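Each of the next two complexes has chain A plus one more chain, namely chain B in the first and chain C in the second.
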Partner chain A sequence: MSSTAIRRTYGAVSALVLAFILLPLVVIVWVSFFANRILAFPASGYTLDWYARALATDSFRDGFVTSVETALFATAASLLIGIPASLGLVRGRFPGRDAIQTLLLAPMVVPGIVGGAALFIAYIEVEARLDLQIAGTLGGLLVAHTLIALPWTIRLVTASLASADRAIEEAAASLGASPLTVLRRVTLPAIRPGIVAAALFSFVISFIDLEKSIFLVGPGRTTLQIALVNYLEWSLDGTVAAVAAVQILIVGAALLISDRYARLSQVF
Partner chain B sequence: MATLTRSEIIGPAEAHPARIRSPAGIGGVLPASLLVLVALVGPLALMFRYSFNRFVPGELMVEGLTLANYVKFLQDAFYRDVLLTTLWVAGLSTLICLVLGFPVAYALVRQVSPRWKSRLLILVILPLLMGNAVRTAAWMVILGDKGLLATLVAATGLAPPKLMYTPTAVVIGLVSVTLPFMIVTLQSVLEGIDRTLEDAAESLGAGHLTVLRRVVLPLALPGLLAGTLLCFILSMNAYATPVLIGGPQFHMMAPEVYQQVAKAMNWPFGAALAFVLMAVTLVLTTAANVLVQRRYRRWSE
Partner chain C sequence: MSTVALRSLVKRYGNVNAVDDITLDVAEGQLVALLGPSGCGKTTTLRMIGGFVEASAGSILIGGTDVTRLPPARRNIGFGFQSYALFPHMSVAQNVAFGLEMRRLPRAEIAQRVNQALDRVRLRAMADRLPKHLSGGQQQRVSLARALVIEPSLLLLDEPLSNLDAQLRGEMKLEIRQIQKAMGITTIFVTHDQDEALSIADRIVVMRSGRIEQDGTPESVFAAPRSRFVAEFMGVTNLLPGTFEASGCFRLTNGAAIRISDQAGAPERESVLAIRPERIRIARAGATPGPDDLPAEIEAATYRGLTVEYRLRTGSGLHLTARQPTPATGGPTMLEPGACIHIGVPTDACLLIPA
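And then the complex of A and B:
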């Protein structure tokens, strides 16, 4: 094969594969504008009615609010404990550091369904002993989502710390800055891009989580993903498509912004 | 290969005598470690213990130390089939991801300008973060009986294929979930391979396929393995795809774990299912790791 033929083959295969990956995304946004009452092709016309319907559907509206609240909390909490942990992992020197790194990244490795089942069982056991409601409450959900977001925060922040220039910190220290001043005035500003990317990423990862949340939601407290799955078990119409389109818009925006701050391809 | 010492990897700062003390040493990792211990490790240990308990309908669970739940799994043809289905569906999806993912990753690294590369990478990562519920809904729209594919095929005069609620649909859905992971993993490994090695092989008369087989694949082996294992683990544990596009007659392990733990409230058996799933995945991925590492070492010598 000539080198142009090779290039063309790669180009064609890649285009087809990319089209396959993007197809679901494009189709769901497209059908969210269909005027057909029962979802079918081709479109009988185009309308924004489904968006109004989605907004008027209680489970989607409440689910969206719960998901945003949960994701915001999980983001804040995972930054609050993830940044010190990343500093400890990259800058600290103590025995068992590798083991702790493995531990902290474990929530990413343990399958969502298995981790969710275990957490659900643990919640009910604690409830029985302390006479306290946890499963199905916002508190129970927040703990789980902080756990989901934590390893992604640590990955992004440690990557950012590892590439920050250590010499500047040392210079500040040798000029008399206290460790806390060095942290506040040198280290944190240097890793700000990593922190921004970590925050956006944690938000998205928490927002789209399905497998862990499915064990932990309760009546009247459902995340958007669970509301979508419950709806899909009975019907498939433009309402779901409209919700999906909004979600794709939010995730896409978060992704584009965080891409300016960190090289996302290295996060996975 | 000579092994590097720690200070060689980390750099001269390590050996610097006036090393500044970071306020976040072991104290920094404590809160995060505590969360993972309390919300993940502890619950997993508890669930493992429960997998040896007995289940008595009506009174939930009875303390015990029995292998009955694991024996039930092995003896019940239904659950053996569930595991086998999970294995072949995950295996097939992974294989397809490998075959489709490599050309894309290679093209991204070798044939695209840096500017386009980062744009295309975003297009690969975006579907990855659209969420399983949304992605599955989209596949239902495409593969359903009155869906996009059926309409397109019918327009050509052929009989539309019945895909919804078939294993084929599940494999298609799973491939679309895991393929972006494969592409991103392979891309980052191929990025580290020196292009001049390929050019050298080519200038010595090797055809492109020979270059791939003799130069690129051996060097990319760790990445191929990492991508393959990631796709396999994700497929083994898939939940939304088998439930929604596999339909009620199609069973994979993760939905069964949910069914037993949250619906049937049979915690001992649900726990046993979860640990069978984890153990099978762990054994297979470790075996693959060992086999490939051995191969890689032989090639790199």
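And then the complex of A and C:
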């Protein structure tokens, strides 16, 4: 085969795979405008009603607010913990450093439902010892989501720290900057793209989490994902598609923005 | 404006000594070039003086004060990094101003000194650009301005001219020299380019595998290399092992003899005869050769603009290189490979080096 033929074949296969991945998303967005009473093809007409219905549904509205609040908290907390931890991991020399970095890959290979169950059991154990309510409380949910976001934050921030030129910190020091000034004026600004990407990615990871949250939400407090699952138990109409379409929009935007700051493909 | 003293300085990485027992005294206002091949420990030495690398043993004194354990921020050293190390998120002017801000100078004075420093490196017009929008040579000059603007008591430069074109390199060399003399800043300048070292330094310290091989003025290091290594580094391409004989002859290992003056070199001791390629005299076919001249054949000729380099083979099978001016610089027409000639070596062009 000539090299152009290879390139064409490669392009065609890539396009097919991409279409396969994007198809469900496109279909969801499409059917969210269908006028049909139950989700089905073909469309009997087009409408924006399902979006109005979604907005009017309490569980979706509350779920959305809870999800956004939780994700914001998880983002802030994971940055607050993750940035110093990354500095320690990249700059420090201590036993177990490599082991910790490998362990941080765990959330990417352990199924979410296993992680959720593990967290739940851990909460119950702590509750039993400390005589404290954790599972089902807002605190428990926030801690869990921080834990969900943290490995991703650390991976993104350590990656950008590792690729930052160490010599700029030395230059600042030799120009008279104290270690704290070096951190504030040189190190952190230099890795700002990584931090922005980590923040957006943390937000997304927390926002879309279902498997872990399902163990940890309490009565009257559901995240948007759980509200969706609950709703699906009773009805299969365009409201679900409308909610999903909104989510796709939010998550897609966040990922596109964070990719502008740090090529996500280089981190995972 | 301080003296620098290194006392038995050592840096170990694992079981390798990157810097291996260096003792060096630099006088106030002196410009010392650390010269040596890649990996010989120049950067490591400089980084220990700058305080970025902890010495494994030995001590460093600046202006008589022991700074071995002092953090970089308290050494008042201007450091020009091999990788420039500009702050990527700051403009050129902000980069240069950083050290002055750390010294809490008044705003107006900072602005004025930054402009002055940028003028010196001819980058005033680029003051508001980010480093990533500068060429390598421009970045190098910013890093130089940033190191100079704080008027350090000691200036350490790690290959500050490596990325400049020939013309700019010449200009910057003069500029560094001029600023350094005007301000009287003691300077240590790392380079692997002998030409650069010879033309800028008051003193050259040749390093090899973490040790000092030779230390002296440019003239002395160039004219009297004390080892084969330094001779090679200084562009002496003809290094012939053999024995000096009492008769004033140097007996090469292949049996041929070259007449040298009765100068230095312990008789009957194995040594190396060093001859600069420029000192080999060529007598062309037709010209009368001198009494001690050797017949030779040109094997290859390499044109280098100012000079032409000939690879020669003598009748006794010895390989030598000779260098002559080209017609462009007033020399004779160039010889073709295969030409048969005679070569002569003036007795004062022969230097004996311990084997």
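Please note the rule applied: the second predicted complex is superposed on the first by the 248 of 268 C-alpha atoms of A that agree within 3 Å, B and C clash if a C-alpha of one lies under 4 Å from a C-alpha of the other, contacts with A are read in each partner's own complex, and residues count from 1 in each chain.
Note that in this section a residue touches a chain if its C-beta (ideal position, glycine included) is under 8 Å from a C-beta of that chain, and two chains touch if they have at least 3 such contacts.
For clarity, every value in this text was computed on a predicted model and none was experimentally measured.
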### Task
Could you look at A:S174 and tell me whether it touches chain B, chain C, both or neither (first, second, both, neither)?
both
### Message
Tell me the contact category for A:A190 with respect to chain B and chain C: first, second, both or neither.
### Response
second
### Query
After lining up the shared chain so the two structures overlap, which partner does A:V217 touch, if you call chain B first and chain C second: first, second, both or neither?
neither
### Query
Is A:A242 touching the first partner chain B, the second partner chain C, both, or neither of them?
neither
### Task
On the superposed three-chain arrangement, identify whether chain B or chain C touches more chain A residues.
B
### Message
Looking at A:A54 after the superposition, I want to know if it touches chain B, chain C, both of them or none. Which is it: first, second, both, neither?
### Response
neither
### Query
Considering each complex separately, which residues of chain A are in contact with chain B in the first and with chain C in the second?
167, 170, 173-174
### chain A-facing residues of chain B, complex
11, 13, 16, 18, 20-29, 31-33, 35-37, 39-44, 46-47, 50, 100-101, 103-104, 106-108, 111, 118, 120-142, 144, 146-148, 151-152, 176, 179-181, 183-185, 187-188, 207-208, 233, 236-237, 239-240, 243-244, 254, 257-258, 261-262, 267, 270-271, 274, 277-278, 281
### Message
Considering only the defined contacts, which chain A positions touch chain B in the complex?
### Response
1, 3, 6-7, 9-11, 13-14, 17-18, 20-25, 27-28, 31, 38-42, 80-82, 84-89, 91-94, 100, 103-104, 106-107, 110-115, 117-122, 125, 143-144, 146-147, 150, 154, 166-167, 169-170, 173-174, 179-180, 182-183, 204-205, 207-208, 210-211, 214-215, 225, 228-229, 232-233, 236, 240-241, 243-244, 247-248, 251-252, 255-256, 259, 264-266, 268
### Message
Quick check on the complex: what are the chain C residues that touch chain A?
### Response
50-52, 71-73, 75-79, 81, 83, 85-89, 98-99, 102-103, 143, 146, 150
### Task
Report the residues of chain A in contact with chain C in the complex, numbered from low to high.
165, 167-168, 170-178, 181, 185-186, 189-190, 192
